[in-house]
Amino acid sequence: MVQRNQIGKSAMMLALLGDGLEQENLIRSLEKDGFSVTLGKIGTMESHKIVAAVETAAKKNGIISSEFYREEHALYHATMEALLGVGRGVAAFGAQLRTVGLRFSIVRGKPYAKPEEGEWLAVAFYGTIGAPVKGFEHEALGLGINHI
Amino acid sequence: MVQRNQIGKSAMMLALLGDGLEQENLIRSLEKDGFSVTLGKIGTMESHKIVAAVETAAKKNGIISSEFYREEHALYHATMEALLGVGRGVAAFGAQLRTVGLRFSIVRGKPYAKPEEGEWLAVAFYGTIGAPVKGFEHEALGLGINHI
Amino acid sequence: MVQRNQIGKSAMMLALLGDGLEQENLIRSLEKDGFSVTLGKIGTMESHKIVAAVETAAKKNGIISSEFYREEHALYHATMEALLGVGRGVAAFGAQLRTVGLRFSIVRGKPYAKPEEGEWLAVAFYGTIGAPVKGFEHEALGLGINHI
Amino acid sequence: MVQRNQIGKSAMMLALLGDGLEQENLIRSLEKDGFSVTLGKIGTMESHKIVAAVETAAKKNGIISSEFYREEHALYHATMEALLGVGRGVAAFGAQLRTVGLRFSIVRGKPYAKPEEGEWLAVAFYGTIGAPVKGFEHEALGLGINHI
Amino acid sequence: MVQRNQIGKSAMMLALLGDGLEQENLIRSLEKDGFSVTLGKIGTMESHKIVAAVETAAKKNGIISSEFYREEHALYHATMEALLGVGRGVAAFGAQLRTVGLRFSIVRGKPYAKPEEGEWLAVAFYGTIGAPVKGFEHEALGLGINHI
Amino acid sequence: MVQRNQIGKSAMMLALLGDGLEQENLIRSLEKDGFSVTLGKIGTMESHKIVAAVETAAKKNGIISSEFYREEHALYHATMEALLGVGRGVAAFGAQLRTVGLRFSIVRGKPYAKPEEGEWLAVAFYGTIGAPVKGFEHEALGLGINHI
């Protein structure tokens, strides 16, 4: 059961689970509760490509409008906050000779009981960060939440 | 099924799930694979109390030895990295008039296939961060991983 | 003339000008254009008191609602961003033996031409930062902007 | 009237006002009081180009000497502090897929009553930061002050 | 032999060597070359006490004047930069449950060949950082340099 | 005499001393006590080249194994911490129009009396940071320590 006020837990779960039945069930449950969901993947040393990948996925799948800055602003800050979790205080990976391979999820909807709290957005990343050598890496993740 | 190299995913799942059957099953599965696990909770405005709560739980439950600095050092850095995810770049909450309520998990074991990679440690937090007013908060989480 | 899309310039001007005719004229002009404005002052070594002073002023003067977290969340992030300008990368002053004396302004309204961009919020600080010795200080300022 | 100890307020005003009579009057007033002033503009995604633009403007207009490191060092730190206000804690924009369009001012002179306090330098930025899409941006500003 | 342009190396050496003949020789050599030197010690969890200890030592031993803000400003920034080396990116220790025990040195003089480069200041720290448990600590150090 | 628990002091000394008899004596003394030592140099504006130079030197000279991630992970974090000292809070230089010229040392061994504390690693940098103009630079240094 997805509780109303757990948009962040849901987004993190989607990124952790990866493709499969559990993920599909969670998406269905979220959509039934009125949330929009999209998923994506990105592997890179350049953090601006991660920002771009999230934005593109969000716009292509109608999570945010591509016509208004307001929604892009909300998504951008949620993405940067999630990246700070991945980088644990830094949000630039290549400058530090690190490469990341990340799955991400974006969830949009009304997580609070009071209708006046309106819509919020969660961005979650899960994957690996490490040296540019296969297997020389450990897991990393992050979550950012913003009102929209 | 807990894959060997997913100590971080497991730790994050434990913190996300909270008490219940799913959490118990995951703990059992991790312990069968040779991992040690402990859980805890902390609500505070002072980040040093979070560090202390994690350390106390780890020592009391035998996750790390309380006699050697080496293990405390590994845990400390994993904890600070996880806190940077919670604070999204900051690790001091009261100074910013924020209060946190967090569940945490600590998992220790051998996540890599090669035995020479030895033991690693994951610390995960999940909970809320917000104003010191009930309900004025959103979710936050973080994960730190270190060799031990 | 206050241009529509210059909520930040207006907020910074209000904080820079201080009490007087110029400030009053700018407030009147902003209110005529549909913006809400409030002003305040705070002198302290503890950054959480600055956050509290801005929040209290905003709620008491109806700039944000005190009933919904959403608006507090928007104000909080705008305030923290403005404080990072004052501290130039840090937002904790007492821990560094610095004291600040700040005027602040909060402006809320619709700065963009497209109505769908909705309401935004600007928080500006101007004052001094320095050693806890009279006159041992220089000016500092900051601006934070967020959608609401 | 430009008060002696408000080199930062003056620099910020110059950047906020932009070309026009008010700006010219402020420059004249500052120069009458013995301050040197220069102005410039820069649009970029790369923060090192902002540093270079400020330095070039300062040297070309005689605000700092190009022969001595001492003055470059003072200007560099004032510029970095002002950039931290623009980026609100970060001073690298392209890595985060943000582009900035900034006006800047540099003011040098004696802002303190005591002659022994000597010369100081203020660097102020005002402009916009946002996505690399026209109109998807909001205002940002920063101020850095240093002894020279 | 102390080379003219190695004020930082000299300050770091003084802090590393601790009391003894080698330290005395280095001080004598620096003083012969026109540098002023002072030393101190501080053990604490609160970073503002470190800032205060350095400032007090510098004023009591005539390294900086206590009458002018200009010199305090130069020392303050050199101290903060040295502390960032000790904390490796953070300059607040107690909030992270860390305690430090540090020796420090302050060196003032003309490190550059050109006389126009004037006086500079170096602050160096060397000691331990760790848990508030005896022996649970490792070494840490930092250096800050500024023009004065 | 190199005390057992001063792996950081030894590493910093090696970087400060540069080539010569004193450095050779210190290396010999460290090796007699069971420590491994390597030295290197790097001049660049790009921090990832510094990380790569340290890693290459460590692997080529057998300080860390190139087969296991565990040792690379320990070295990477020690290197990043030392770089934060050099950059005083930042670890990206070119983005800020700064260039560095650094000597570095890596020392590995058992610095604690208790054998259970095992092996640790120290990375130290010493050199200059400044504008890309000859002589427009001052000294900078940093130290990072990690268990391995």
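By written order: A, B, C, D, E and F. Residues from 1 in each chain.
The rule is simple: a contact is a pair of C-beta atoms (placed from the backbone, for glycine too) under 8 Å apart; a residue touches a chain by one contact, two chains touch by 3 or more.
What you see is a predicted model; the values in this text were computed from it and never measured.
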Chain A and chain E share contacts with B, C, D, F
Shared interface numbering between chain D and chain A [over half = same, under half = different]: different
Counting in whole Å, what is the centre-to-centre distance of chain B and chain C, each centre being its mean C-alpha position? 36
Using the touch rule from the top of the page, what residues of chain E touch 2 or more other chains? 69, 73, 89, 92, 95, 112, 135, 138
Identify every two-chain combination in which the chains touch. A-B, A-C, A-D, A-F, B-C, B-E, B-F, C-D, C-E, D-E, D-F, E-F
Chain D partner contacts - residues on chain A that touch it in the complex: 46-48, 51-52, 55, 69, 72-73, 76, 80, 91-92, 95
Applying the document's contact rule, which stretches of chain B touch chain A when the two form their complex? 6-9, 12-13, 16, 81, 84-85, 88-89, 111-112, 120, 122, 126, 135, 138-145
Residues of chain B defined as touching chain C within the complex: 90, 92, 94-97, 130-131, 133, 135-138
Give the list of chain C residues in touch with chain A in this complex. 67-70, 73-74, 77, 112, 114, 116-118, 146-147
